[in-house]
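Per-chain residue numbering starts at 1, and chain names A, B, C and D are given in the order in which the chains are listed.
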Amino acid sequence: MSLLQEEREIIVNNEYVDNFDFAEVKEFVTNASKDLFISHHFKNKPKNKMLVQPRGGFPTYEKQFALSEYFVKANVDVLPLTVDSNTRLNDYATAKKMLRLSEENDVDMLNGYPLVNHGYRTTRKMVTHFNKPVSLRHGTPDARLLIETAIASGIFEIEGGPITYLLPYSKNFPLDKAFLYWKYVERVCANYSKLNEPINRESFGPLTATLVPPSITIVIQLLEMLLSLEEGVKSFSVSFAQQGSMNQDIVTGAVLKKLAKHYAAEINCSDAAINLVYHQWMGAFPMNKDSAEQLINIATVIASMVSADKIITKTREEASGIPTKEANAKTVANTQYTLGILNGLPNVVDEEEEEILTLEVHAIMEAVFNDSADTLWRKVFNSIKNGIIDVPFSPHIINHNNMITIRDAQKNIRIIKRGNVPIPDRCYAYEKGQCDLTKDTTSIVNDIIHDIGIMQ
Amino acid sequence: MSLLQEEREIIVNNEYVDNFDFAEVKEFVTNASKDLFISHHFKNKPKNKMLVQPRGGFPTYEKQFALSEYFVKANVDVLPLTVDSNTRLNDYATAKKMLRLSEENDVDMLNGYPLVNHGYRTTRKMVTHFNKPVSLRHGTPDARLLIETAIASGIFEIEGGPITYLLPYSKNFPLDKAFLYWKYVERVCANYSKLNEPINRESFGPLTATLVPPSITIVIQLLEMLLSLEEGVKSFSVSFAQQGSMNQDIVTGAVLKKLAKHYAAEINCSDAAINLVYHQWMGAFPMNKDSAEQLINIATVIASMVSADKIITKTREEASGIPTKEANAKTVANTQYTLGILNGLPNVVDEEEEEILTLEVHAIMEAVFNDSADTLWRKVFNSIKNGIIDVPFSPHIINHNNMITIRDAQKNIRIIKRGNVPIPDRCYAYEKGQCDLTKDTTSIVNDIIHDIGIMQ
Amino acid sequence: MKVVTGVVGNDIHVVANRLIDLSLQARGYEVFNLGVNTYLEEFFDAVVETGADILLISSLNGEAEGWGREVPRLKAKYKKLDDIIMMIGGNLVVGTGNAEDIIPRYKGYGFDIVCHQVDLNTGLDSLEEMLKERNLK
Amino acid sequence: MKVVTGVVGNDIHVVANRLIDLSLQARGYEVFNLGVNTYLEEFFDAVVETGADILLISSLNGEAEGWGREVPRLKAKYKKLDDIIMMIGGNLVVGTGNAEDIIPRYKGYGFDIVCHQVDLNTGLDSLEEMLKERNLK
């Protein structure tokens, strides 16, 4: 029995879990409709058509089904399945209890769909019914069981990664374990990819959605991509979220795309398909719902300027709470309309900004590669631990929190304290040069608070 | 008695008109609050702040007052006063009757505010009450009485011109008369401009809002600007409307701004302030009100890319009818929010397109100037009459309607039949080269119908 | 079959008018297009002059209501207009109205077919139906 | 005056928590910040351990309701927690709720101050008022 097989048996041997019939699952994936594979859509969509994917998860099967129905009516391209926060932290007991309360009382006691508790047999009915690709959104450091359940359900896009689903999503889950658990996920995805179209893996670029500079975002995207391709994944999406400055987004998209190709080639994985995903604004939203709609629409314009392959949407109700299915479907319809009428987009290139950002990314990547550990995941692990990678506003105890960023007059995110991150001196001087640093500390702290709320 | 004075007396001697007290009006303008002058705001606004102006006119004083109140609450920069279609064609009798019906029955029987019937004494109360600059939108070939009434009311921005308020707005009003009547308007504006801040004149760039190519729009903007500056106007806004391709809009804005400066200098009027105004989409709107909001929002993004000094807004109810005050105020609030969160706009320059467009405009302008007539207005008159200037979809009998335009794949408006318009051969070849002209006539007609409705 | 068409009153919205002209011709009608800014008298005069079977009026800018009210009085002045099919379409009120209120009102003014914010082709299809019903086609 | 604060349950929204820490310190409190992902027992243990006067709980991700229901049972297990001021704020329901329903419910769970989607500074102002009322400041 292979190591993977052994691990698998331990994982599925869990009191909250369906009894897995792996032979049947293999059969199912092999014969599954191509339409369920987003990798198939990426390959065959018209060049400039951006796929539209909302977010959304409700506790009960009925409500999740109704949500999907609304999305399909609104002309969705990719259906979401967002998992609740208990499942994310493997707390299936609480999830079970809250699911029962939600079913009994017609009030939602969970902020997402508890996939493990529902199980793959039930969920697959919904997925195959709609015959649209489904994307799994979770935020789970140990997602092994979740991903087995997802793929068995017909969900062929898996978001996340050991860094992006840990640093923003956990306080003290052990980072080294996360790498190993995600290694398992990558292998499962790679294995299933051989049966039919590839399973697509997607990294979660938004991170904490709070003043993360593009260099950190890109480095983490590249590293998760490498860790995934290493294990044999053949279709991967790098992503990032709207940052607050249109130009910085365009530059970030260009550099990310260019360097993803470059580093994939370095490990001889140029045969893998690499896609670019853009998230509508992920930070603090305005309470005013009309304003929220303007913000969402602008995000769609920027996504087009960035030439994203997929856009992940928000709703007018973001600031108030889990959105209703109506509000959620409305965004999908609006986004599709907007993409249809956005024409004659100029091709924007900002060479200076691209150069600075490229230098920063290369420098951090080099520092990671230069770590003395034997495997890539250990190098990355060490780099986070010693602050070579540092994510602003991460709640995780391992994260250094020594990098400080603020916005310049154009609302570009700039690094004003680099901490241990090896930002080259020239770039560091450039970044600081854009900002007014003559202010005292109190007003800089006030600026940061203001910068978090720029869209409000 | 000067000629102007004589004409003035004939004009105001009209059974539907207030008895004019010109001495009092002069006194009023001289002492009027600077805040009422948009020219003052253009001069003193922060560099990148675009002024936001909605459209709107209701028949009764009470409803117009309530509309303005809503606008002010929504943080408007410039208030509109849109005049009804009877007043536009000097049909004050019908306007009077419909105003009475509207007042008696609480149903609107007019599509705008009948300014002449209300008179300046009444209207001034409203204008001074809000103490915001007001812009007069009409579409009147003979606007002499209307403008006298407007300025006496405290309305210090006058839209229109002999070409832009005639070719889209009239079937058979004599064009030569329109030039003379507008000459009167320019002089009145120039005279009043000496008393306080300048009265701002604005040309109406959208024309028929239907497949008008940028070269025609720009030529007409420049000519109306020259006709106005010639008479002593010191503050002038050139304008155009969203065309359907972001890049074409950016190019149009850049060329228009550059050439307005150039031609103003040619007649030694570099001392006049020239502003750029952008109209949100003026063509056929989508019936779906949510879609309409996306369209409006995108227009705001493009206006920012174009660096307009003022934006004129539409509403989610455009396709359905005269908008309610609520819908109208909502657009203002949304547009202000959007302008606030739009940051880091890239500076886009498309040299090739700019060059082509500049060549086209220069060629048409030269042809106009080369006309043998003695004055500029007669040269322009002849040029329209012989088709050197040709506006697609003009309802006016004098317009040639021989130019045919369609959209290319990027939705740029391209000239595929130039008629008598002296588009240089190189440019003409370029324009046609962007389009698929192998199709038969029926499918080209179908394409045109489709192109009119691209935003629907 | 002869159709007189145009846009009523001080209304200068010409785009639909151009398309109506094309569509009617494509459907085989003989079209007399008076264009925009056409007063009621001009329409009736043209019908008499051309011996048209159908009068198809457009209104977009909200003036329709005001003109519609004049139709009965004015039409009564003309002899031989009783058999004509009268049709009106476009945007028939100022502001937003709903078809249930609008259609009966305009039928009261003497219109046989009333198309408020109805697509042109749908409108022309209902014209054909009426022609069939009345055995005119 | 001592405050224990943190974000309850499996909730990892840290941004407000960082700002709360700064604001409380700026207002002169001694702050024990347990951070995100803190269970009810940990809060109560920390109050006992530090001898805090105030327990200020945040919840953003919609879990509050589930945890709130546990408060009375759990609090009863601890002695000497009766005088403590209990405060909760953030986004206190899944989906959209309104304050009129939410506040009495959470008061029933034992919270003295309940701030559903209330700005931090407004919330902290009402804390000061309560402290004054109770003559603690």
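Things to note:
Assume a contact is a pair of C-beta atoms (placed from the backbone, for glycine too) under 8 Å apart; a residue touches a chain by one contact, two chains touch by 3 or more.
Predicted model only: the values in this text are computed from it and were never measured.
Where touching is counted per the definition, subunit A and subunit D have no chain in common.
Put simply, the C-alpha centre of subunit B and that of subunit D have 57 angstrom between them. Note: centroid distance subunit B to subunit C, computed from Cα atoms, is 31 Å.
If you average the CA atoms of subunit A and of subunit B, the two centres end up 46 Å from each other.
Chain contacts in this assembly form an open path, with each chain touching only its neighbours along a single line. All chain pairs in contact, by the document's touch criterion: A-B, A-D, B-C.
Listed in rising order, the residues of subunit D touching subunit A in the complex are 9-12, 14-15, 17-19, 22, 35-37, 61-63, 65-66, 91, 93-97, 117. On the side of subunit A, the complex with subunit D involves touching residues 85-86, 88-89, 91, 94, 98, 101, 107-111, 168-172, 208, 210, 284, 287, 317, 320-322, 324, 393-395, 445, 449, 452. Interface residues of subunit B, counted against subunit A in their complex, comprise 244-250, 286, 288, 290-291, 293-295, 297-298, 301, 330, 333-334, 337-338, 341-346, 348, 350, 410-412, 454-455.
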